[in-house]
Structure formats: C-alpha cells, structure tokens
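Shared between the two complexes below is chain A, which has chain B as its partner in the first and chain C in the second.
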Partner chain A sequence: MVNLTVDNKQVTVPKDATIYDAAKSAGIKIPILCHDKKLHPFGGCRMCLVEVEQMKGRLIPACTTPVTEGMIVRTSNDEIIKARKLVLELLLLKHPIDCPVCDAAGDCDLQNLTYEYKVNCNQFVDEKFNHEIDYVNPIIERDMNRCILCGKCARICDEIVSYGAYSVINRGLEAKIGTEFDGPLNCEFCGSCVSVCPVGALISRPFKFQARWWALSKVKTVCSYCGTGCQLTLGCKDNKVLTTVYDEDQGFHNGQLCHRGRFAYQFVNSDKRLTTPLIRKNGKLVESSWDEALALVTERLAAAKAAPASLAALSTAHLTNEELFLFEKLFRGTLGSDNIDHSAGFAHAALTEGLKASFGTVASPSEILDVQKTNLLLVIKTDAYETHPVIGFEINLGVKRKGVDLRIVSDKRGKLGKLPGAQTTVHTPGSEILLLNALAKVIVDAGLADAAAPGLAELKAALAEVSVEKAAAATGVSADEITKLAKDYAAAEKALILLPIGLGYPGHNAALAQACANLAILTGKYGKEGSGLLVMGEKNNSQGAADLGIHPKGSGLNGSAIIDACVSGQVKTLFVAGENPVVSYPNRAKVEKALDAVEFLVVADLFLTETAQLADVVLPAVSFAEKSGTFTSVGRKVQQVKQAVKPVGLAKSDFDILNTLNASLGGQTYANQNELFAEIAASVPAYAGLSQTALGDEGKLLPVAPSAKLVPVAAPASAPVAGKLALVTGSALYHSGTMSRFGEGPMLVCPNAYAELSAADAKVLKIEDGDAITVKSETGSVSVTAKVGYRMPQGVVFAPYHFGEGSINAVTDGKPVTWVTVGK
Partner chain B sequence: MSNAPAAEELQTEEEIDLTEANEVIDKYLTLPGNLMPVLQGIQEAYGYVPKPAIALVAERLNAYPAQIYGVLTFYAQFHLKPRGRFIIRVCVGTACHVQGAERITETFFDRLKIGHAETTADLRYTFEKVACLGACGMAPLAMVNDDTFGKMTVQKVDEIINTYNARPMK
Partner chain C sequence: MIMPLLKGLQITFSHMFKKPVTLQYPTERPAIKPNFRGLHVLNVSHDRAKCVACYLCPTVCPAKCITVEAGEDAKHDKFAAKYEIDMLRCIFCGYCVEACPVDAIRMSETFELANYTRGDFTFTKERLLEKK
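For the complex of A and B:
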C-alpha cells in the first residue's frame, strides 16, 4: 500500500493505483473524458491534469500516473482550471454543439464539463468538421462530427468485446474513428461503444429522438434473456421501456451488455403484446374477460384433478422464482400431477440429472467470476460466446488480461478461437462425450488422477473399454492432440470447464455434464477458486427452475414425454406458461400434432406465439419489466427483478394468474410475491435463510457445497450417414430463445432463419451465400437462407433454432446430431 | 452476418494473386511486432497494399482489419491504390516555391492530365507534391523515382516526360 495526500486528505491505496484512483477512493472527483475503469489507462484527453508537489513545473495526467509514497496532489487550482478550460475550448472548436438535437444531452460528459468549467466563449475560431454520418446500419448511428477522439469505443471493442470494429484512421487534423476502409459499421452490434461514448457521436438508433435523458425514470433490474444474470437499468417514460441505460457500476460485468440485453427490450411495449384473455369459440380465438377465461380454466383443471395423470404443465424458465414455486405448488401440490417440466426435459438435464449425480447438487460448483481467475479454461463448444455473450466478454478479458489458457472443444470454429493463444479442437459432431472420456482415460493412464477421487475404481473399469486411438478415429481429433489436451488440463493449477446448455443443444445433456464433471473430479479441480465446472443455463432463470424442481420427480413425464403423451391421448389437459414448444422443442410436426390432439390447452404468454395460436384459452402474461421477483443466474446468484412499468392492457403476471387459479382450486392464496419468497427461503435448502432485503442491488451468490462422485458415462455411437450432412442446432449471437424475435434490435440485425455451411460443401452443392435452401431429414424439411462461412468444418451444418418461420426444429428429432440433405 | 470477420467475406471485386503476400507473411510470421514489416513487404511486392492483402494479413496475423487500416492510413509511406511505374515528385518547399515550383507542377498536371497524389490510367506515372527534398541549392527540384533533376524549367518537364515515356514498364 502507498500513502499519499490528495487535496490535503491522507489516502492509502494499492501500489498499482493511479492518482485518479486514489482521488476517487477519497471521494474527490477528477474530470475525465477518455478514461474508463474497465479499460487500460489511455491519457489522451488531458482533462484529468493535476498538480503534484514533487513534479512541479508541469501538470500531470491523473489517469495514467501511478501513485508513489508521499506524493502530494492538488486536483484543482487556478492553473489546473485554466488548462482544463483550454482542453474544453479546443474540443468545442470542432464539435458541432448541436445539443438540442443530440440524444446524449444531459448524459454528455463534454456538455456537463463545459457547464461545470463555465466555458461560455472560445478564444479560437475554426471550421467545423464535415464528416458523413453513418446511417447505414440499423442499430448504431455514428456522427463523427461530434466525436472528441477519446478512443473509448475503439478500445472497448478491442479490449473487452474483441471484435475490433474501430480504429483511429488517418492522421493529425484528419484523424477520426473509423472502420476498415472507412466504410459503414458492420459488427456484433453489442453497443458497448455506444455505452462508453462520452458524447453523442455514437447513439442508439432505436432510441433516437424517443426521450430526453433526464426525462427517463431509471429502474435497476436484471436482464430476462440468458442465464448470465446481467444487471440492467431500464430507461422508462410514460409507462414504456424506451431504452437501456448504461451504468458502469452495475453487476460483475460493470454495465457491459450484449446485443439482446441492450437493444432487444422493445418486446415489453411491443404492439404485438396480448392485452386481453382469449377463448376459442367455434374454432376461433376471441377476446374474453378474465373472469370468463379463468372460470373456464379452473373448471377444466378441477376436472383434471380427478385424474392427475391426464394433466400436464410446461413452464418457461423466464418466470421468476416466486412464480415457478407457485407453478409447482399449483400443479404438483394442489392438482397432484407430477407431469411438470420446462425446456423440453433435456435442456436442464445437465443440471438436474448430471450435476445432481456428479456433485450432489443441481447447481454448478463454480461461479462466473472464476472465468477470469482460472489458469486453463476448457470451453465445450465455441457457442458459449453466442449463448452467453457477456460471459464471452469475461473469457476475452481472462485470456487477454489474465493470461488464461483457452482451450475449446467444439464441432465448429467461432470467435473465441481467435483469442490470443486459444486452441480449438474441432471434433466430429456428437462425439463430445467420447472425446471427454478419452481425456479422462489419458489422465487415468498417465497416473494423473487423484487416487482419493470418489468412484475412481468404477470409472477406471468403465474407461478400460475406451481406447484413445479409437476415440481419435471416431472424433476426428488426433491421439496426440487428445493426450496433450488431457495432460495440459491435468497440469494446470486451476482449470475451469464451461458447458452451455439450452433448447438448441440436445447433446448437452446429463451424460455430457457428467463427462465434464469427471475430468474436474479426477484431477481435484473443483471446490476451489478458479476451478470447477460451470453449467450455463440458457434462460434468465434456468438455475432457479432447476433449484425449485420444475421437472418430474417421481414417475411423472418430462417435457418430451408430455408431448408424446399428448399425441397418444394420455395427457388431455395441458397448461403452458410462457413456453413455446412449437418452435423451441424438437420435431415441430409432432409438437403441433400433440397440441392439436390435447383436449384442453391453456397458454399464458406475452404474445400470440406459434403455441398460443393452438390454445383453447390464451392468458395475457407480463414481461420482466412489469413485475417484481427474483431470478437465479448461472452459478446460483439470486438477484432482484424490479417492476419498471405497469402491465400492458389487461395483462397479469404469472404470479397473479397462478395465485388465482391455486386459490380457486383449493390451494393457498398469497398476498404478494414476498410471501412466496419467504416460503422458498424456508423450504428450499439451497435458498435457506435468504431474505429479500439481504439481496440488495448486488444480489446474493448462494454457496454450493459439492459432494463429488465420478459417474461413468457411455459415449453414444455417432456414425456418419453416407451422403448426408450433420446438422447441429444452437443459438445465434443476436437471439435468445424465441422471445428475442419480439425485440427490435435482433430482428433488424438477424431477422431470418439461416443455416451455416462450409465453403467446401457449398461449392459441391452449388450453393452461394444468401441462397434459399431446403434442409431435409427423416423428420421433415424446412426452407432457410444459406450462410457460407469459415466456421463450419466440411460435412457439418449449423442452424439456430429461434425462428418461427424456417424453424429448424421441423427437421430435428431431439438427437444431438440430425442427418440431413441440403439442396436448393 | 457472422460474429467475426472472415477473410472470404472481406474479399472484394479486386482480384489479386496473394502468393507474394503470403510469402511476406511467412517470412515475418513469428517476429514480434510484425505488422509493419509485413505491410512494408507487401507494398514492396505489389507497389501498394491491395485490399485483399489486408484481409489476408488480418486473418493470418489475427489482427483486426480496422486496426490495420488505421496503421496504413497513419503512415504516409503506405499506399492503398496502385502507384505508377515512375513516381514524379516536385518540391514545393520554400526555396523551390520562390524559384517558381508552381509553374513546374502546373506543367506536369497539364501534360499528364493528373493532379497531386494521382496516377495516370496506364499506371506509368504518379505525381506528388512534396514539402522538401533536402536539396534547396538545386531549386526548383524534381525527382523521378531515384533520379534527381535540379534547376527545373518548363522545357525540362517535356524532356523528362519524353525520356520516361521511352522507358519500359517493367
């Protein structure tokens, strides 16, 4: 620690702190334009000039100067103020000062500092810039006339996003922030650059001219897309969510968001939202009152109570913990059916069955912060970046700043593989478990296994049948590469495995989670900081749904079995809360047949989804912005969701809907969600003793106590089918589940279903990028747009599952790999 | 839209044989800080830095195309368009200016039908005004590649053009 004096205050800070950090810790504000706490110090704008007693004769930039013992710093005096005024005058010389029409006004660092330093005239005169404004892309408007060249956009895109869309181009007075060949911006559109821009040079087009910054009410809540659990500030006005507001102090991610978090909020106030209940009369869904709709649902559920096996309920993991808990109480408790599930049954199995067997708990024995604390990071599928982009940023930071050794085991290449030193092991589709078993085999054979690992003997016996050479032949990865990866993993002091799961990944099941867990347990790499296994749930509350037991516990049917039972006529009444199985479950034709066959289908959702269109009763539910409660994110962090706007139309929260139904069917009534939260804390062991007040703004990371056991897993046979391509499904970077289709950003950037194939396959099939192609399997066929990319190995096709039109689940059947033919 | 720039996607209408560019990259691949020598080597091979070569360098050196473009536009030594076989440079520094450099540049413009920093359609000449060539005693001064012409006159402009018109393009 270093002691210094800042404005006559004694400050003690770590030795790697800068003068700016030291002042900040003492509550002294030094003005900055180019500095950002998330980025490497830059020292470009000279606003933070201060005086240091020991370095008199010139002013010192506070943001780049490290503290030294005994330093005496003055952050303001006449000379400093004069220097800062000069900086502002020079910036304002070229700046258009078009604040009345600038969206940044009110939140503009240049505007605020100009006001603070009373720069009301300029001693210089010069022409303004006349740069062309980039209106080409639909998301980010770039007006380089307003730019002050702080470089934060270029630096965040490089340092954290690792996309590198911008650079300072040209030189001297002509220097500006530009893209390659000074063309229009075409990137991931995460909007990190917009969030850090201190002026209005980069603004969000969907929010342009929507509201003045100071007129927005800002509500802190949690994003409702993926399981990362990013904290979010919603900017609301007139009972509408108009934007997301950047707050660099929010969450582990310091306010960083991905495309869907930042630009896909519009579903909340979409004009497609359901505003009244609908009842099917004479084959058509017609508007009804809540009383009529709920009376009908109550009557049918009451009738089903007599034969609980004929009743089933599917939920989405988008609901709050309180709602999921009530969902379980209603269907399992009050109505006595064990046929309850979410995510098709397979997309949560890695947690509910996999980790349950391997670690004795349904939560990962690691947390997101471990990503930057580990030495070796083994990512199963490069898609981890697409499914959880903000965890992807953590990976970028870990590799680039902390020297994390990144290894990717994947069926295709991806952005993560471009990080410095990253090694991608591309294997044949569906051979993940075989590959992981081979890694375990190498570790055991090389004597690197922890002799005390529970279940070692059984695993050894099971691995006796595994041959690294045979695995090499079947996975397409050389024996040497397998051996090296296994030995590197075992040799790393700390190693973390990331496994994304979700509806697009039927192969990421219990067995794969166990095969991953086996590596960690074999080498004792769990239960310590920076080591372990992080199973990344797909939805914002996938972890909560697993914790609260939204899956069959006894002889009940799981999600896929419920669909089959609807077809066979065993299930006659189906309640669907927010799930959209028609699009998101495998084998769309079968799901549609099942929902047609079921006698009474109730769907509670925000939109008239493909599933809701088949319902007998549709109940309008509300989004995360219209309700309060808690979500549990990856790594089991419980965070508070806060209501930002009033429900749209007559829509009610799932809590209200389920509460009313539960009461009228003989169950308990709850006055509010808090009562349910208290009950969760009292009855769910993992949440024991938790209180809503203790969650605060930061949320609470629940401790996970793993009791490890090696579980032998058999690798499924995955032989290629001659003349066919291997179709693997998954997530597109811009989308999450089926709800992001109702957000503006994702639909502007990635509106249509596509299938990605290798240049080599495209050449053989005479397919060009952008062609309409048909993907056909034994299950069905679908027309999508071809995307010819560098990512795919020959013989493999990738398609995201989010889309209703061109739904890839029309050809899938729930297996990890679907063999397809592709043609024009 | 892909989630990362791919070499194939950045390739444009320009058809260029990238063999030489690949050789330059091979030569410096393991050298730390290899971007500058690679770009210089490519410029030496092609006379300028072709667009497809930028995509290739980005892919092989794992650098962002935008950053490479930033480097290329920062240094005056790099050129993004094909350059002439003969680079005519006329000094317009103080000494040359007072000795009538403007008449010399105007005459070149007139004869070659190109302006400053432009190249003739047949790729024979590129014309550049430069601030000083460091030989003020010979003002006004012109250079063609490495050949120097002092005490320039309007007549000499035609002589120079005739001389270099007769030279082979390769």
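For the complex of A and C:
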C-alpha cells in the first residue's frame, strides 16, 4: 500500500494504482476522456492533468501516472483549469458541435466537460472535419467527424472483444479511426465500442433518434438471453423499452454485453407480440377473453387430473425461478403428473444427471470469475464463445492479461483459437467423450491421478479398455497431442474446464459432463479458486430450472419422451410455457406430428410461434421486462429481474397464469411472486436463507458443496458414414434460442438459416458462399444458405438451430452427429 | 332614499357621452407589443421546418405539452416526424422559444385561440408551420 495526499486528503491505495484511482477512492473527481477502468492506461487526451508537488514545473496525466509514497497531488488550480480548457478548445476546434442532432447529447463527456469548464468561445479557428459517415452496416453509425480520437473503441475491440475492427490510421490532423481498408464496418456488432465512445461518433442505429438520454427511465435488470446472466440497464420511455443503457459499474462484466444483450431487446415491444388469448374454434385461432380461455384450460386440466400420466408440461428455461417453481407445483403438485421437463430433456442433463452423479449437485462447482483466475482453461467446443459471448470476453481477458493457457477441444475451429497461444485440438465430430477418456487414461497411466480420488478403482478398470492409440485413430487427434494435452492439464496448478450445453448440442449430455468431471476429479482440480468445471446452461435461467428440479423425478417422461408419448397417444393434454419445440427440439416432422396428435395443447408465449400456431389455446405471456423475479446464472448467481414496463395488451406473466390455474385446480394461491421466492428459500437447500430484497443489485452467489465421485463413462461408437458429411448443430453468435429472432439487431445481421462448410467440401460439391443448398438426412431435408469458411474441417458441416424457416431440426434427430448429404 | 339611486343613474348617463376607456374589441384591434407571446409558429427554411427534433423544447416545457418524435430522412438527417402542442395546457411562457438551439420556433401575434372542441386545441406540425 502507498500513502499519498490528494487535495489535502490522506489516501492509501495499492501500489499499482494511478493518481486517478487514488483520487477516485477519496471521492475526488478528475475529468477524463480517454481513460476507461476496463482498459490499459492510454494517456491520450490530457484532460486529466493534475499537479504533483514533487514534479512541479509541468502537469501530469493522472490516468497513467502510478502513485508513489508521499506524493502530494492537486487536482485543480488555475493553471490546471487553463490547461484543461485548452484541451477542450482544441477538441472543439474541428468538432462539428451538432449536439441538437447528435444522439450522445446529454450523455456526452465532451459536452458535459465543455459545460463544466465554461468553454464558450475558442481562441483558434479552423475548418471542421469532412469525413464520410458510415451508414453501410445496419447496427453502428460511425461519424468520424465527431470523433475525439480517444482510442477507446479500438482498444476495447482489441483488448476485451478481441476482434480488432479498428485502428488509428493516418497521422496528425488527418488521423482518424479506420476499419479494414477504411471500408464499412463488418464485425461482431457487440456494441462495446458504442458503449465506451465518450461522444456521438459511434451510435446505435436501432436506437437512433428515438429518445434523449435524459428522457429515459433506467431500470436495472438481467439479460434474458443466455445463461451468462449479464446485468443490464433498460432505457424505457412511454412504457416501451427503447434501448439498453451502458453502466460501467454493472456486474462482473463491467457493463459489457454481447450483440444479443445490447441490440436484441426489441422483442419486448415488437408489434408481433400476442396481446390477447386465442382459442381454436372451427380450426381457427380466434381472439377470446382471459376468462373464457382460462376456464377452458382449467376444465381440461381438471379432467386430466384423473389420469395424470396423460398430462405433460414443457417449460422454457427463460421463466423466472418463481414461475418455474409454481410451474412445478401446479403440474407435479396439484395435478400429480411427473411428465414435466424443459429443453428437450437433453439440454440440461449435463447438470441434472451429469454433475449430479459426479459432484452430487446440479450446479457447477466453479463460477464465472474463475475463468480469469485459472492457469489452464480447457474449453469443450469453440462454440463456448458463441453460446456465452460475455464469458468469451472473460476468456479473452484471461488469456491476454492473466496469461491463461487456453486449450480448446472442438469439432471445428473458431474465434477462441485465434487468441495468443491458444491451441485448438480438432477432433472428429461426436468423439468428445472418447477423447476425454483418452486424456483420463494418459493421466492415470502416467501416475498423475490423485490416489485418493473417490471411485478411482472403478474408473481405472473402465479405462483399461481405452487405448490412446485407438482413441487417436478414432478422434483424428495424434496420440502425442492427446498425451501432451493430458499432461499439461494435470501439470497446471489450477485448471478449469468449460462445457457449454444447450438445445443445439445434443452430444453435450450427462456422459460428456461426467467425462469432463472425471478429469477434474482425477487431478483434484475442483473446489478451489480457479479450478473446476463450469457447465454453461444455454438459457438465462437454465441453472435455475436445474436447481428447482424442472425435470421428471420418478418414472415421468422427459422432454423428448413427452414428444414420443404425444405421437403414441399416451399424452393427451400438453401445456407448453414459452418453449418452441417445433423449431428447437430434434426432428421437426415428429414434433409437429406429436403436437397435432395431442388432444389439447395449451401454449403460453410472447409470440404466435411455430408451436403456438398448433395450439388449441394460446395464452399471451410477458417478457422479462414486464415482470419481476429472479434468474440464476451459469455461475450460480441469483439476480433480480425488475419490471421496467407495463405488460403489452392483455398479456399476463406466467406467474399470473399459473397462479390462477393452480388456484382454480385446488392448489395454493400466492399474493405475489415474492411469496414464491420465500418458499424456494425455505425448500431448496442451495437457496436457503435468501430473500429477494437481500439480493440487491449485485445478486448472491449460491453456495455449492461438491462431493466428488469418478463416474466411468463409455464413449458412444461413432463411425463415419461413407459418402456423407457430418452435420453438427449449435448456436450462432448473434442468436440465442429462438427468441432472438424477434430482436432487431440479430435479424439485421444474421436473418437466415445457413450451413457452414469447409472450402474443400464446397469445392468438391461446387458450392459457393451464399448459394442455396439442400441438406438431407434420413430424417428429412431442408434448404438453407451456404456459408463457406475456414472454420470447418473437411467432412463436417455446421448449422445453427435458431431459425423457423429452414430449421435444421428438420434433418436432425437428437444425435450428436447427423450424417447428411449436401447439394445445390 | 331615492337620491343615491338618481346619483348612480347620473353617473351611468354621463358615461354615455364620454370616450370609452376600454378597447372596443373585436371592432377595434389591440396594438400588439413586440415581445407578445401568442400562438407558436414553426419557422421554415429551404421549404422544410427548421426544427431538427432535438427534444429540448419538450424537455424544458413546464406544462409538458409539447410532443416531438424524431425521424430519419433519406439523407440520414434528423427531422421532426411529429411536432404537436396541446394548447390547452400551454401557459405561454415562451421557454420553448428560448430553448431552441436552431431558432425553429417562435411565438406569433395570434392570440384568438378560442375553439369548439378539445381536439381543436391540438396543434399539429402542419397547423404550426409558418404560412408564407
């Protein structure tokens, strides 16, 4: 610690602090333009000049100068003010000062400082800039005339996003922020650069001109797309969510969001939202009243109560914990059916069955912050970046700032593999478990296993059949590479495994999670900071759904089995809360057949989705912005969702819908969703003692007490089929689940279903990028757009699963790999 | 008893032959002072309203009676797609004029604003545009 004096105040700060940090900790504000706490010190704007007694004679930039013992700092005097005014005058000299039409006005650092320092005239005269404005890309408008060259956009895109879209080009007065060949911007469109731009040089096009910053009411809540659980602030006006507002102090991610979080909020006020209940009459869905719709649903559910096996319910993991809990109470409790599930049954099995067996809990024994604290990070599938982009930023930071050794085991290459020092082990599709078993085998054979690991004998026995050479042949990874990876993993002081799971990854099941867990348990790398296994649920509340047991507990049917039972006629009444199985569950034709066959189908959703179109009753539900409750993130953080706007039309929250149904079917009535949280806290051990109010803005980390056990897993046999390509599915970076299709940003940059294939395959099949192609399997066929790129190994095709039109589940059937033919 | 009554009548009668003190509105029109704040007018320049929809006047308006909605034109510039004043709520303070950074709004000499229905007091952009 270092002691110094700032404006006569005694301050003690860590020795790596800067003068700016020291002043901040004493509550003294030093003006900044180019500094950002998330980025490396830059020192480009000279707005933060201060005087240091020991370095008299010149002014010192506070943001880059480290503190020294006994330093005496003055943050304001006449000379300093004069110097800062000069900086502002020079910045304003070529700046267009078009505040009336600039979206940054009101939230512009340059405007605020100009006002604060009373810069109302300029001693210099010069012409204004005349740069061309980039209106080409649909997301970010770049007006370099307004740019003050603080470099924050280029730095954040490089340091945190690791995309590197910008750099300063030209020199002196000609200098400007340029893109590749100074052309239009084409990037990940995460919007990080927009959020840190201190002026209006970078603005969000979906929000352009819609409202002034000061007119927005700002509500802190949690993103409703993926399981990362990013905190975000919604900017609302006139009962509409108009934008997301950047707050650098929010969450572990310091306000950083991905494309979905920042640009896909428009689904809340989409004009496609359902505003009234619908009932099927004479084959057509017609508008009805809530009373009529609920009476009908109650009647049918009451009838089904007599034969609970004929009743099933599917929920989405987008619901709040409170709603999921009530969902379970209604269907398992009041109606007595164990046929309840979500995410097709396989997309949560890694947690509910995998971790349950390996660690005795359904939650990961690690948290998100471990990503930067580890020494070696083993990522199963490069898709972890696409499924959870903000965890991807943590990986970027870990590798680039903390020297984390990044290893990726994947069936394709991807962005993560481009990080400095990252090594991607590309294996044949579907051979993950075999590869992980081989790694375990190497560890055991090399005597690196923890002798006290529970279940070691059984695992050793099971591994006896595994041969590294055979595994090498089957996985396409050399035995040397397997050995090296295993030894590096075992040798690392701290190692963390990341495993994304979700509807697009049927192979990421219980067995794979156990195979991952085995590595961690074998080497004792769990239960300590920076070590362990993080199973990353796809949806915002996947972890909550696992914690609350929204899956069959006894002999009930799981998600996929429910679909089969609908086809066979065993399930006659199906309640679907927010799930869209027609697009997201495997085998679209079968799902459609099942939903046609079922006698009574109720769908509660925001939109008339492909599933809702088949329903007998459709209930309009509300989005995360129209209700309150809690979500639990991948890293076991329970966070509060707060209502920002009133429900659209007559829509009601799933809490209201389930509460009414539960009451009229003889269950308990709850006055509000808080009561349910109290009940969760009383009955779910991990949530014990929590209350919604105590969660605050930061949320609370759930405790986890892993009791580890090695579980031998057999690798499924997967042999290539001659003449066919291996289709693997997953997430696209701009989308999450099927809801992002109702957000503006994702549909502007990635509107259509596509399949990605290697240049080599494309050449053989005479397919070019952008061609319409047909992908055909035993299950069915679908037409999508071809994308030819460097990522895919020869013989492998990748397709994201989010799209309704050209939905890839027309050809898949729940297997990790689908063998397909591709043609024009 | 009768005297005060007669006295009163006398005053009344005497006024019949005096010059009237008040302005004989509507036959006589008042002379309007330069700083008078009457009905708003949106200034026009180059055949379009000067207003750039900066939202400053709705922000400053103490009566909260201005509604502005910005639009983006073909050249990506900002313009007022909607500009509306609810005259029933306006207190004619003139702050909107003062706030405007581009001299897009002024207050005219028009003060005869009486009308028959509430709707008639909603002054849309078309009604407010300066007539040349």
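By definition in this document, the second predicted complex is superposed on the first by the 824 of 824 C-alpha atoms of A that agree within 3 Å, B and C clash if a C-alpha of one lies under 4 Å from a C-alpha of the other, contacts with A are read in each partner's own complex, and residues count from 1 in each chain.
Note that a residue touches a chain if its C-beta (ideal position, glycine included) is under 8 Å from a C-beta of that chain, and two chains touch if they have at least 3 such contacts.
Note that the coordinates shown come from a computational prediction; the quantities given were computed from them, not determined experimentally.
Asks: Is this a clash or a fit when chain B and chain C both end up on chain A?
Replies: Here chain B and chain C can both sit on chain A without a clash.
Asks: Have a look at where A:101 lands relative to chain B and chain C in the superposition and call it first, second, both or neither.
Replies: second
Asks: When the two structures are overlaid on chain A, which partner does A:164 contact: first (chain B), second (chain C), both, or neither?
Replies: The answer is first: A:164 touches chain B but not chain C.
Asks: Quick one: is A:553 in contact with chain B, with chain C, with both, or with neither? Answer first, second, both or neither.
Replies: In the superposed model, A:553 contacts neither chain B nor chain C.
Asks: Looking at A:750 after the superposition, I want to know if it touches chain B, chain C, both of them or none. Which is it: first, second, both, neither?
Replies: The answer is first: A:750 touches chain B but not chain C.
Asks: Using the touch definition from the top, say if A:402 reaches chain B (first), chain C (second), both or neither.
Replies: Touch partners of A:402: none, neither chain B nor chain C.
Asks: Chain A residues in contact: does chain B have more, or chain C?
Replies: Answer, by number of touched residues of chain A: B.
Asks: Just how close are chain B and chain C at their nearest CA atoms in the overlay, in Å?
Replies: 25
Asks: Of the residues on chain A, which ones does chain B touch that chain C also touches?
Replies: Common to the two interfaces on chain A: nothing.
Asks: Chain A touches which residues of chain B in the complex?
Replies: Touching chain A: residues 1-4, 6-8, 10, 51, 54, 62-70, 73-74 of chain B.
Asks: Mind pulling up the chain A residues that touch chain B in the complex?
Replies: 154, 158, 163-171, 178-182, 186, 188, 385-386, 414-415, 418, 420, 733, 749-750, 759, 787-791
Asks: Quick check on the complex: what are the chain A residues that touch chain C?
Replies: Checking each residue of chain A against chain C gives 99-101, 105, 133, 135, 141, 208-212, 214-215.
Asks: Of all residues in chain C, which touch chain A in the complex?
Replies: Residues 52-56, 59, 70-72, 76-78, 101-102.
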